[in-house]
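In what comes next, chain A is part of two complexes: it sits with chain B in the first one and with chain C in the second one.
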Partner chain A sequence: MALLEYALVGGILYGVFFSLVGIGLNLVFGVMRMINLAHGQFIMLGGFGAYLLSSHLGLNPVFGIPLAVAGGIVIGWPLYYAVVPRLQRSNDPEMLSFILFFGIAQVIEAVTLLVFGADQHSLPDSALGSGNIGVLGQDFPDSWWVAVAVSVLCIGGLYLYLSSTRLGFATRAIMADRDEARTTGIDVDRVAAIAFVIGLSLAGIAGVFVPYMVGSVSPSIGGGLTTTSFAIIIIGSLGNPLGTVVGGLVFGIGTMLMQTYYASWSNLVPYALLLVIVLIRPSGLLGKAVRSA
Partner chain B sequence: MRNATGGTRYAVAVLATLAVAFVALPQVYGNQSVLFTMMTYMALAQGLNLVYGFTGYLPFGYVGFFGTGAYACSILVTFTGLPVLLCVIGGGLAALLIGLILGPLLRLSGAYFSIANLAASQIIYYVVSNEALKPLTGGPYGIKIDQVFAPTASYAAMLVVLLLTTALAAYFRLSRFGLGLRAMHQNPISAAVAGVNIVRARLVVWLVSATVAGLIGGVYAWNLSVFYPDAVFTLEISVFAIVFALFGGVGTVIGPLLGAGLLYTFYAAIGVSTPQYFQLLYGSLIVFLVLFLPNGLVSLLVRRKLHVL
Partner chain C sequence: MRKFLKHAWTACAAGAVASGLALSGGAAQAANAPSVLTIGTLYASSGPFAVASKGQFEGLQYWADTVNKDGGTYVKAFKKKIPVKIIAYDDQSSTATATTLYNQLITQDQVNILIADFGSVLTSVGIPLAAEHKMLLIDPTGSGANFFTKKTDYLADVSIPSSTVWPLTLGHFLLGQKIQRIAIIYDSNDFDASQAETLKATLEKGGVKPVYYHGVPTSESNYTVLLHTIAAQNPDAVIEFGYAPNDIAFLRNLSSSGLHFKMTFTIFPGQLLDLMTKNVGAKALAYTYTYPTPPLVQTQKVTYGPNTAAFVEQFKAAKNAEPNFLDVAGYNTGLVVQDMLETAPAFTQLSFHQALMDMSGKTTTLLGDFKINENGAQLGELFSVGQLVPSGNGNKMVVVYPKEKATGTAVYPAPAQ
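Moving on, here comes the complex of A and B:
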């Protein structure tokens, strides 16, 4: 029983954190109808930001959070205006943006490799508290609880933004119908650029805690994180932060159960979940028809 | 498509040029393994072009078929003792089977298809490289078929596969079937109304492309003869095939060949020793292509009113 309890409690914590990992991708996709294939690389950048702060400046890694937000603004705003309006006018925005963001992912990965090398970096364990906090007799390190608390704050904040601010209303209007939103006088590009910045910042914030939750950060982790995020937002429902939490929890608990009982197969979980769900209920879970013919 | 005979003559010329080039090149350039790998990527880019260029479905997990072919061929060599060419064909058939199993993915559109296909290739990789399958696949420790090692014969076999793939692309480009594909790519509903069986056509293209990748994988395994699962399942293989094909120009016959030939030459010169710089280069190249040259190098020729096959 102890094993099962460990897997369930751990899975919930892990899942809440992975909701944060996926939520930026969900927001960007909802607003722009583009898959940010560089999502995992932006998460990885967040991790390296925290690593730089703690190893070179001796700061606590949590200062990576404001750094991630600053990075989201500095990278996201110009990037949006440089490529997105141009792509929206092209003949196949969905596929072209998919390939374009893939190129951006490769650039980010290559630059990170050139700057930091291919090594894996971890963050000091004691920075987020060196103890353990137990639930149901199962102990988890403090850093996990901090990551979960930050995840809950971020997801809650995004929910409030979408449900009770003017910009949030405009964002949801664009998610519902981009052209109609434009006709009602919403500055679509400005609102979407803000959503893009928020999406990248959330990815960066998640990245700060990746070294604690996954063990380390290295330039090559981006691709796997993107696929995992995609699986999570497909399990949940698009444009709804609470839906992403459902996806994160399914992924987290599934992964922890597999790690506990069939460890060598656990890395199949996100891929198998993704494939099964995409094939069984693509439109139902995403709230958008993704099938053709 | 101006007239069919002119197109056919063009296709024969392309095939002849390829054959002569890769027969003659080893005489003047000593490193046969570089030439072999170049043919491998030309064939892969062309095979990917069959699906992406003619139907618009971008198979991000294309490497899954390649790896399946490599492993099926190696397993057949190890356990059956059949002639190695039959094992290579077995690799193609294994990839065909995987293609059939993944057939339902074609119901998805655009990026969903790509990501689901990527997930499928990762699943195949994790299964093949799993410790539990060590007696069959060698698991993470790789597989060895050096009893059939034959660099020259496998070089010739890869050339045949490359010619076959290119001939298929020419067929798609010139035939009535290919015309239906293009109509479907531009507007599936109109094409269906005009009598193109889009579900069947799409599946046929998908299976042909998968089989080709399996054959390429089989010959590649034969040439390598000792390899780890990473070597035939790394996503880099899909990525290279996509970038090479896009760079040259998808939906044409010569585009992927040009793209793979040029970029792989470049990769062989700088990419092997400093892969990060090459990654930076092709990443920037993708961004540039999507924004400014979405139809690849050959679109420059088309703009000058040259006929491109």
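Moving on, here comes the complex of A and C:
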């Protein structure tokens, strides 16, 4: 029973963090209808940003959070205007975006490899507290709790942005129907560019905590993070950022339960869940049912 | 990103070699000798095996540079020295890419000698291809037990013991210490699973049944919940078999979990100590047990090539960097190839293999005794059990078992850090 409780609490914490890992990808898809295949590489960049701050400037890795936001703006804004409007005008923007973002992912990985080498890089455990905090009698490292607290703040902030601000309303309008939003006078490109920047910033912020949650950061971890994020957002609901939270929780709890009771199959969890969800409820757990007239 | 060294003369060289074999007489052989020996290999510049693979490749390149400075390596079949040229492709740690590239080395580049990439995962796909093309695969560090289950003339594990024999000393150490409650967690791949199986069998033979015995995916990166599950079994010793990224995650999670075991063992602190110290921290690594490998342990008396200490000095002078085990393994692979070429009477794959078999049991290099069986498994170069003991700001390696190699005694139970 204690093992089950530990797996459940651990799964919730892990799942909340992975909600943050996936939520930027879902926001970008929801607004742009494009899969950012470089999502994991942007997470990886966030991890290396925190590593640089910690190892070279002696700063606490949490300063990687504002750096990730700055990086999101510096990279995301020009990148959006350089490629997305052109892609949107093409005959097959979704397929072309696949190819384009795959290329961007390869470039980021190659450049990171040149700069940092192939080694794993970690952040000091003590930077986020070297103790453990217990909930319901289950102790988890301080770094987990900090990662979860930041994840909750980011996800909550995104919720408030989407539900309480004019830009957020416009973002949701674009998510619902891009062309209709344009006809109502919404500056679609500007709003979508902001959403893209937010998406990349959230990815970068998640990256700051990746060395704590997955052991280390290295140039090659991006692909796996993109795949996991993709599975999480499909489980939750593709195009609905807040559905990612449900997807993350299902992923986290499923993974930790499998680690506890059948460890060798634990990496199958996201993909097995993805298959089941796609077969039973193709729109995801929080997706709206599709009705054919 | 694929980096490769292209050569245009391979077909001519292969033709020359084939003609040379058809002729008799030393002069005719020398006349038909290729101008350069081509050695085909793969390395990974990215992905989970990049660090280890690049180390192994660097060691092999260093060997090639060394012999070329001396005019090349002596080839008995042609009775002359011939320079070596390494043709290397980047498989990016992908078995799919490695399959294509091994095929390219064999069929397009028609290399004279084929050397596998680092580790069991990237070697596994080369073994059937080499056998199919009747090409001897020189296997530096692919040690998965499944590779060596039947007699073959086309596989030779040269720089690392078969993983089935790695944990034998560890098993005997655990039994000798009378540790009864042992947890084993391993990655589900040939390299780690075969070690786990051997250790389990060794322990069970000694009357100890592991209290926890589970595999995890090779991609596992978070051990926090797993460690808690293991702790629930109250083990005294926790043995983790994984690759370097797994060991890093495992040891970091253990350090931050607040859990403590009397003994913790992982593989890669003994092979990539600098990398592990950088990521895990000296404090968290303290009292961890591992397989200490050269250059952390030294082979003094050798029958071929420099001993470990001499190699370390030469490597440092040439590369301005401390070698790690993978550098040694790559260099040792070159040395074994060199010895093979010096003794093989004919320039054929079968003759190469026979030369290796003849060297077996009679050769000692900087990695230790070279001893392969008819299945291609390396049974020499056995690992000891070592423990990292705090020393100054870091840790020093102390060999604790077997007795005849021990440089100190085990600190058991390990004090909490």
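The criterion applied here is as follows: the second predicted complex is superposed on the first by the 277 of 293 C-alpha atoms of A that agree within 3 Å, B and C clash if a C-alpha of one lies under 4 Å from a C-alpha of the other, contacts with A are read in each partner's own complex, and residues count from 1 in each chain.
To be clear about the criterion, a contact is a pair of C-beta atoms (placed from the backbone, for glycine too) under 8 Å apart; a residue touches a chain by one contact, two chains touch by 3 or more.
Note that the coordinates shown come from a computational prediction; the quantities given were computed from them, not determined experimentally.
In this overlay on chain A, chain B clashes with chain C.
Once the two complexes are laid over each other on the shared chain, residue contacts for A:74 go to neither chain B nor chain C.
Touch criterion not met for A:160: it reaches neither chain B nor chain C.
When both complexes are overlaid on chain A, the residue A:149 reaches neither chain B nor chain C.
Contact with chain C, but none with chain B, is seen for A:7 once the two complexes are overlaid on the shared chain. In the superposition on chain A, A:120 contacts chain C only, with no contact to chain B.
With both structures placed on the common chain, the touch criterion links A:267 to chain B and to chain C. By the document's definition of touching, of the two partners only chain C reaches A:220; chain B does not.
Residue contacts after overlaying the shared chain place A:140 against chain C, while chain B stays out of touching range. In the superposition on chain A, A:90 contacts chain B only, with no contact to chain C. Stretch 224-232 is the one among 80-88, 152-160, 224-232 or 296-304 where chain B clashes with chain C after the superposition on chain A. Residue overlap on chain A between its contacts with chain B in one complex and with chain C in the other: 106, 109-110, 113, 264, 267. Residue ranges on chain A touching chain C, taken from their complex, read 2-3, 6-7, 10-11, 14, 106, 109-110, 113, 118-122, 124-125, 130-132, 139-144, 213-216, 218-220, 224, 256, 259-260, 263-264, 266-267.
Those residues of chain B that touch chain A in the complex are listed here as 56, 58, 104-105, 107-112, 114-116, 118-120, 122-123, 126-127, 130-132, 188, 192, 198-199, 202, 235, 239, 242, 246, 276-277, 279-280, 282-287, 289-291, 294. Within the complex formed with chain B, the residues of chain A that make contact are 35, 83, 86-87, 90, 92, 94-100, 102-111, 113-114, 223, 227, 230-231, 264-265, 267-268, 270-272, 274-275, 278-279, 282, 290-293. Within the complex formed with chain A, the chain C residues making contact are 1, 44-48, 50-51, 54, 93, 185, 188, 214-217, 219-222, 224-226, 228-229, 232, 244-246, 248-250, 252-253, 255-258, 275, 278-281, 284.
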